[in-house]
Structure formats: structure tokens, C-alpha cells
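Have a look at the structure below before the remarks.
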Amino acid sequence: MRLDATAQGVYPIAPTPFHPDGRIDEGSIDRLAEAYIASGATGLTVLGIMGEAPKLEPEEALNIAARFIGGMARLPVIVGVSAPGFAAMRSLARAAMDRGAAGVMIAPVPSLRTDDQIMAYYRQAVEAIGLDIPFVIQDYPLTLSVQMTPKVIRQIVEENPSCVMLKHEDWPGLEKISALRGFQADGSMRPISILTGNGGLFLDFEMERGADGAMTGYAFPEMLVDVVRLQKAGRREEAHDIFDAHVPLLRYEQQQGVGLAVRKYTMMKRGLLTSDAQRKPGSVLSVAARAEVDYLLGRLAKFDRRAAGI
Amino acid sequence: MRLDATAQGVYPIAPTPFHPDGRIDEGSIDRLAEAYIASGATGLTVLGIMGEAPKLEPEEALNIAARFIGGMARLPVIVGVSAPGFAAMRSLARAAMDRGAAGVMIAPVPSLRTDDQIMAYYRQAVEAIGLDIPFVIQDYPLTLSVQMTPKVIRQIVEENPSCVMLKHEDWPGLEKISALRGFQADGSMRPISILTGNGGLFLDFEMERGADGAMTGYAFPEMLVDVVRLQKAGRREEAHDIFDAHVPLLRYEQQQGVGLAVRKYTMMKRGLLTSDAQRKPGSVLSVAARAEVDYLLGRLAKFDRRAAGI
Amino acid sequence: MRLDATAQGVYPIAPTPFHPDGRIDEGSIDRLAEAYIASGATGLTVLGIMGEAPKLEPEEALNIAARFIGGMARLPVIVGVSAPGFAAMRSLARAAMDRGAAGVMIAPVPSLRTDDQIMAYYRQAVEAIGLDIPFVIQDYPLTLSVQMTPKVIRQIVEENPSCVMLKHEDWPGLEKISALRGFQADGSMRPISILTGNGGLFLDFEMERGADGAMTGYAFPEMLVDVVRLQKAGRREEAHDIFDAHVPLLRYEQQQGVGLAVRKYTMMKRGLLTSDAQRKPGSVLSVAARAEVDYLLGRLAKFDRRAAGI
Amino acid sequence: MRLDATAQGVYPIAPTPFHPDGRIDEGSIDRLAEAYIASGATGLTVLGIMGEAPKLEPEEALNIAARFIGGMARLPVIVGVSAPGFAAMRSLARAAMDRGAAGVMIAPVPSLRTDDQIMAYYRQAVEAIGLDIPFVIQDYPLTLSVQMTPKVIRQIVEENPSCVMLKHEDWPGLEKISALRGFQADGSMRPISILTGNGGLFLDFEMERGADGAMTGYAFPEMLVDVVRLQKAGRREEAHDIFDAHVPLLRYEQQQGVGLAVRKYTMMKRGLLTSDAQRKPGSVLSVAARAEVDYLLGRLAKFDRRAAGI
């Protein structure tokens, strides 16, 4: 299955599970894949920034991608192939597609500043990986310090037929979704899929602005699935009800720098990961922070999804 | 009344009210002051970043500070005096104290990088304004791009007896509060007041980590007052209940760049401001964004403070 | 005299002279003005970044501008009016024009990121100061962290008839001059004046790429005048000869953060300034650094301008 | 031979030679190594930032390092092992030492901000590569956006016995050398080797401030060797004479972003590289820029080293 511009639903960003000594934890990969399928996810994204991709050796990266692909039972898997050089990007992209990936995701290098530089970068990236691989633009200014205007994104989409999706992660970003859907409406941009990130912190309104779903790694993917489904069904109040129950934890997980530690700890508590270890250099939760996450999980547990009519 | 290190409670960050043509709206200043007193605030902070201070002429700034001071009925008012040069900082600081300010707040200039540069900057600032004016360190890395470690803050506190308070606005910042309270516990730093910012988005846990209160401009200051009071009384669950009811709006207001527009719009809807205008260059809410805020306000209105036992 | 798009030659960036106690040194302003006229400068620029403008009170700024204007004997003086808010920008711009300024210079605020934001900023700035004041775009990414592509500059020029000049200070920036002159050649941009900064470190080639002259504060403005004149006369080798004699000092003065201290010290040694003091916060040369400048000045003194045929 | 704190002289930063199609050009590696030996270099540094290291696959990187080591005839070779993750850093460091490297160079990751973060990073890096590998701190704030104060460097040196050298590349940086040598003089830091970068643009004075030599990739390494030798011999005027003859080209090569293109083009013109190609994404010189380099090389050729008594 190849990714195309009609993709929708939830493509969780998978963390990469490690043992405390830094080895890859393959058992947890399998468990995660099962859990994502059970949560109702439509697909999966691996080797993203929150997948600790830059800390992996090339061979490890490919093995992890392949194992997730194997575990996802034919659901589409997008593989992050961002790299400082196009040689590495190409080799991972082509190898991942050979192993069954549905498409790849490409973030701009942080040194890009001007609109022209950004558009040139994507042209060169597509030239490097080949025209036959569907790709996702990753737009994440807070971490990448690259600012893409709606016009730049439109230009990338128009110049590169293999561009099928935007991973939207600007902050603030709601107006960007409206602007891009406006371009589609006035015929100046062909339709693409827009999935949103930012840990899910604005998913409620992102769906109302025209997003097709979510691509983020929040530790409760079933909430993302519920909100996307309810919003598509026009059940706005219910969508916000379940979303609001999660906001206290969402905002806690969305702290720059410690977010992945919160997320892995939560997933460990939920039985999805054997360990919450990150490869070094990584962040570690203090005792106080773990207690705060425990407290938030306790409060969340009181929220009854069924009572909320979901 | 002079600010000292025992300060606690809530010192809202006041917006500066403008008419749509850019003139200062003095009637709204008076109305805001009344509302802050009614909300239970312990003091007030004016001319902060969210007070659009850099867009004011020196004389305007002083007049605004004086009018807020007059309206606050002897409650302590902190005046932001951050400036690119020490001459302007000194003249505003001394004039504000003459008009009855309780103390001043000083942010580092964005060019500072190293620990030594930051400490030297505060030494020079204190030399400029005089040793007799109590001052607040403003620590806001996301906007100011200056990173102050707990050790640097300790050093500033130890070197400058007139430093009485930290406006804490790091993100993430919970561990910083714990570290500073640890310094006090081990005797390596004298006690100071810590009030927290970030729009209130982490106030629930900041209080549990040892903060003395809040200094932020969230459009519902009475919520900040409630959370601070309940947490100090050990009523943790109730504090989180009321806090959680506000988190959806808090996170919406805490969007970089549009936050002030959300805040002023909300305050206008609440009758506290006649207009939500900002001086140019400023941000403006789209029609869709206004509808989103309206929707969040509608949901918030359903939360009954009394039912929550507050 | 009003600035227009035919401006050329050298418009030195004047430092603001201070006494060691921070007061403005008006005698040195007069001496500087005489020296600039004697050096062959075509005009002057005051209240730039290297003029310590952000450290001045509004009234001081206007007085300094007026005194320089008075001293320059009808040569055109450009006044820097960059400010965080448009109210201050407007009041200084209009007051400076009333006092006889030829035009104003406007730098973008550092928070601008995208092409659209930059263009909108200049539209708003022009709206604020009025359509009747000729203005200069200041393009200085290293310090301002705003990246303007040639296309963005073209757009600003095309949208704003009162834009007459670019102060070019990108690094590297030679291709930018070629691109802009290419736009003029293909008819897509009306002609504007381009004067270059960067302390003069690339003036030799900037002239060959099509610059109209220099706008920078190097402590030997007569060298800038010589290079501009010789290059315009097609005397390339001589231009490089005199330029190369200065490069060791140019590169020393062009050190970020200490450059102004080097420049003021050199000007003091040359008798142009009574003191090399900066207003705080400022930089100070170490004893070793002063000795290095002295050494470079000694070597430079051996270079005989006459022998070089100038 | 293992690198230690007594290292001095010139360790050029080698470019990585590529064929126009992106393949590694091994013939040019051999030719470069011969030329470095002939220039009088004391050692060599490979896989630095200007060696396009991030664009190499791990196996390629190791092969390049090994080939340079083989070509350098027992002169010490330092291998850059900077990486986003410690796993990759460790594997390259240990493999390079196995192939005969003298030591490794480690740059901080760009996300580090505070003094404590920087020191912790180096502790973790040393733990990862092992205590037995001599390493060099790479201090290059302009590109890496990490600011290390002299105190932080001292702390890293004191905490990690395997730290033997600082690659000094701050800008401005002269005072940093003086501060570090001051720490050695007052006994608070053990002696380390300091080699300087910045393309050599301040080498004249860096030697006078106490540097032990140069580590930079300027296309005329013999000039670096001459200046270091003459300054050590106390022949100051001669050192400056030869240095000044190169400053026009040095400053041209030191333009951010295009510097490597200038350097490779010059080396190609000198017969050291078969092609000036960079791996993508890379920079390319315009026709005008090539002509400018040609012109500078022509002027430089007139300078007679023998006449200068070298």
C-alpha cells in the first residue's frame, strides 16, 4: 500500500523502545504495534524526532522500521528519513520502501531560512530519493527553527507530485490549516492530506479547521482516534468532552525537552513499553515528576469513556 | 509599601488597554484595577511584555503605571522597567517608585548568553537603578532566549540584596522551582518569593513544587486566586478540579504570538476592556479564532465554581 | 534635500559620542561632522545600531540627529528610526524630517520570520511614518536574525514608492547585490540605491557587483571614499591596493560585540572622539586588545596613500 | 602516537574530496595528505564540519579517516566524531582509534544552553567513548550556537583527564585564549593545547595571546605553518607581513555558507583536489564568485614569500 493524498485518521508517532542499556527492545516494538492496531489507528509513523531517530545507526533504523511494518498487519507505515545529507536520506528511503513502507517523512534541515531555500531543499530531496516515493512534509518550527508559510507549502506541493501529506506542527497553527484548505478551495493547490502534531494539544480545533486526522505520539492514541472520529461525525460536544478530559496530561506531556520522558513513562505504566529508557543523550523524569504523572493518570482514570457516550 | 521576599498570592500581569486608534484607554485601566481587586489579587504587575511596554513612549509608560497604582488602592504594584539601555531603565524605575510603585521587574536583554554575562547584566542594572529599589528577575527563555540556570539565579540573589522575587517562566520549569527551594533548604540561598507565569498553564503543580503564587495575565484572575488559595490550604483535589476546568482555555491563550489577542478578546467579552485593540505591530484574531474562544467560554461557563466547593 | 534612489557615495554610520559618565558629548558630534565632510563623504547616517540608538531617550535621539544635521552643512543625513512600536517610529521619523533629515532607515523587528511577515511589517511601517518620507531598508541578518531574500526586497520596493535605498548588510551578500541588479535589468524592479555595510569588509567586490557606495562606520571613512571613487573610475587595482592595506584592521573591527569598542577607540586615537565610552550595557577593550589595535594602526600608518597613487 | 596536551603547530582541517557524482575521491585524499606533509603541518584533522561529516555514511566516514591516516605517514590524525547520539559517536571513535587515529574531536549538540548542560554532555560523551581516548573540545558558537565560557572549558578539562586540546573557534575569541592561559598561570587549570580555527582570520594575534597553533582548513596551509613558526620564533613583523598578504583571501573564504565552496575551488585550482564538488545539500560558487577568487589568487601570487624573508 502506498500513501496518497486521501490519507486520514490517526498515524501515531511511535517511540523507539530501548532497554536500559541502550539496546533496542524488539518485544516492545511488537507490543506497541498490537496496541496501535487495537486503538483504532489508521497507520503508523516511525523514526520521527520523538522516535530518537538521530541516535540510531543506519542498520538499526532500518530494522526498527521493518519490525514495525511487520507488526502493523498491512496498515500503512510512514518512515522518517530526515538526515543532514541526501545520501543517507536516499538509502534509508529506498530500503524502507523495499521493506514495505507506505511513504517517507522529510523534515527540513535547521539551517534553511528563506522561502527559496526551503523549496530548493525539497526539490533536491525528491531528486535524491526518487520521484516514485510518496512523501510527507514535516513542518515543526519550534524544534527545527524553519518557518514554512502556507505559500511555501503550496509551492512544494505544486512542484513535487510525490508530496501527498503535510505533518502540521506549527504553533500556533490553526490559521495555517485554514489557509491551506483555502488554497484548495480556490483551486490554487491540489488536495493533500493534513495530519496534525503538537502532541495533540490542539486536535479539537484542528479537526474543525479541516485537518484529516492526527500524527502525534500522545500516550493514549485511542483518545486521538475518538476525537478524530467524533469530529468527522459532527459530534462536536462529545469530541470536546473526551478531549478536555485529557488536556491536563496533554499539556504536561507537551513540555519541550521532557515530553518524551513523560510519554515513555506513561506508556511503560500502561504496559506498552518494558522500560522508559531513552538512548543517551536523553532526559530523565525526577521522582517528583513521576508522581505528578501518576496523579494525572489517576484523575484521568476517573473519566468514564462510556459515560461520555463514546 | 515596598515589595519584599515574603510576597505571595497573585500579581496579575495587566494588559495595557488601547482604543482602536492606538490611544491609551484610561477608563479601562480603572475598570481593570477594580476587577483585579475584586478577584482577590494580592498585587499587580504592569508594563510587562504582555503589557506591550516596548510600544509605549516613556511618558505614556509612566502615566499608565501611575494610573494603575492609583486604582489598586494601596495593593503593591510592580512596574516592568526592562529596556535596551540602562538610562531608560533608571529613569522609569525611579519615576515609578516616586509614583508609588512597590518594586520593579527586569528582564535580561536577549543578547546575553553565558552565565557570567547574565550575572554582570543584573549587577549593572542594579547599579543603574540604585540599591534601594526592590526588583524582580524575569526569567522567560522562550521569548527572551536567555537561559538562567538555578545556580545563576542563586548568584544574582546572593549578589544583589535588593532582589526579592523571581518571576518564573521557564518551560519546562517545574524542576527549576524545586532546585531553587532546595538551595534555600540547604542554606546556600536566602529565601525569595517565586511567582509563576506561562499563562498559568502549570500553576497546579508549580504551587506543589513550592511557588508562592502566580504572576500572569490569564483572563480569569479569580481562577489563579482560587488555585493558589486552595493549594496553600492543602485542598489539592479541589485546586485541580477548578484548574482543569480552565485548561482548555489556558492552552488556547498560551499560543505564542496570538496569546495577547486571545486574552484581550476574552477580557473585552467579560466587560473588562472596552476594546481588544493592540498597538501596531500587533496580532489580530480571525473570525474562526473568535468563534473558538466563544465556544471555549461557553463550555467554561457550564463549570459551576460553587458546585466545585470553591 | 530629500533622499532619492540616485544616492551614491559614502554615508558613514556615525557613532554617538558619550562622555565617560554617559552624557552625550556634543563637542565630539561637531568634530565628527567636520571630519566626515573632510573625508569626502556624500552624506551621513545617524542613530543606527552602531550609534547605540536603543540606549537613547527619545528627546536625546532627536537632539543628536539635529546636531549632526546642523554640522553636516546641507549634506543629506539619514536618521535611524527603528523601534519596537510604530508610535515611537512615527514620532522620531516626523520630528527628524522636521529638523532637516533627508530620509529615515528602518530595520525589521527581530521576531519576523516569513516573507509575508517582513513585507507586512514594511507596509505597516510606511503607513505609520507616512508616505512622504523616503526610507531605507536595513538588511542585517547576522544581528537582526531576519532573512530577506532578493524577492522580498523587490516586493517591498515595488509596494512602497517611498522606499529609495537598501542598506545591504547580509553576510555573505555579494550574490544578493547581483540578484537585485538583475531584477532592475530585467525590468521587474525599479532602480534603487544600494549602499553596503558589514564594516566595509567586502566593499572592494561589492562595488564590482553594482553597489552605489558604502554605509558603514569604519574608523577611516576616507578609505571607503577612496575605494568607492576608484572603483567607479574603473581603477580596480588601485582600489584593491588601498582596500587591502586596511583589511587587517577592518577584520579586527568587524568582530561581533567588540566592534564598536574597537571603532570608538580608533576614532579617539585619531582625535575624532574625546572618549571611547559607550553607554551601558556596552563593551570595553582589554589592555591587550588596545595594544593590538595600536599595532594595526602602526602598520597601517606605513601605507602611503600617495605612493598608491590615490 | 596518541594526542596529548603538548600538541602544537598546524593541524589542517581536511576537506572530504568528492567526485561530481557524490562518490568519494580517494585519489585526492592521497594527494591532499602529501600536500599537508609538504606544507609543514604537524598533524591533521578529518571529518570536521568543513569535512562534510554529517553527509557521510558511517562506513564511508571510517574509510576516509583510515585513508587519511595511512597517507599522513605517522603524523597524528584527529578524527571528528560528533554525532546526535552517543552510540554513533562511540562506534566511530573506537573504530578510528583502532585504525590509528591519535585522538577524536567532539562538538556539543546545538540544543545545549546552560553551563551545566554543556558539562554534563562532555561527561556523558567521555563515558560513551571510553576514558582511554584523548579528545578535543570543539568550541564553535557561530555555527553550533553553544556558548562555552572559559570557566566551563576549565571545568570540562578538570573533570575529564582525557581532554587534551581545545579547538578554539569563538568569534570574537582573543580574550578567551587569554582567560584560559590565565587559568593555567594561576594554577586553576592544567595545561592543554589550544589550536585555533575561524579559517585563520585571527591567527596573527591568536598566537600572541598564547595559542599553540592552528586547526583550520584555509586553502594555503603553508601560510598557517609560516605564521605559527615565525610567531613562536618571536619574528612578529614577518609573521604579520605574510599573514596580511593572505587576509583578503582569508576574509573571502570565511563567508558563512559559501566558505567551503571557496576553499574547495581554491584547492582545485592549486591541484590538490580533482573536483570542487560537495555532496548535496551543498553550496556552489557563481561565475562572478569564481572570478573574484581568481582575482584574489592573482594578487596573492605577486606576494613573494622569499622577499618577505620567510
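Residue numbering begins at 1 within each chain, and the chains themselves are lettered A, B, C and D in the order written.
As a working rule, contacts are C-beta pairs under 8 Å (C-beta built on N, C-alpha and C of every residue); 3 or more make two chains touch, one makes a residue touch a chain.
Predicted model only: the values in this text are computed from it and were never measured.
Although subunit A and subunit B share one sequence, what matters here is the overlap of their interface residues, and that overlap exceeds half of the numbers used. Just one of A-C, C-D or A-D has an interface built like that of B-C, with over half of its contact pairs in common by residue number: A-D.
In terms of C-beta pairs in contact, the better-connected of the chain pairs B-D and A-D is A-D.
Work out the mean CA point of subunit A and of subunit B, and you get 34 Å between them. Here the spacing of subunit B and subunit D, counted between their Cα centres, is 47 Å. Here the spacing of subunit A and subunit D, counted between their Cα centres, is 38 Å.
Touching two or more other chains at once is no residue of subunit A. In terms of inter-chain touching, the protein chains here all touch one another pairwise. The touching residues of subunit A, when paired with subunit D in their complex, are 22, 52, 54-58, 84-88, 91, 109-110, 121, 124, 128, 279-281.
Partner subunit B is touched in their complex by these residues of subunit A: 171-172, 174-175, 178, 201-202, 204-205, 208-209, 240, 243-244, 247-248, 250-252, 255-258, 286, 288-289, 292, 299. In the complex of the two chains, the subunit D residues touching subunit B come out as 113-116, 141, 147, 149, 151-152.
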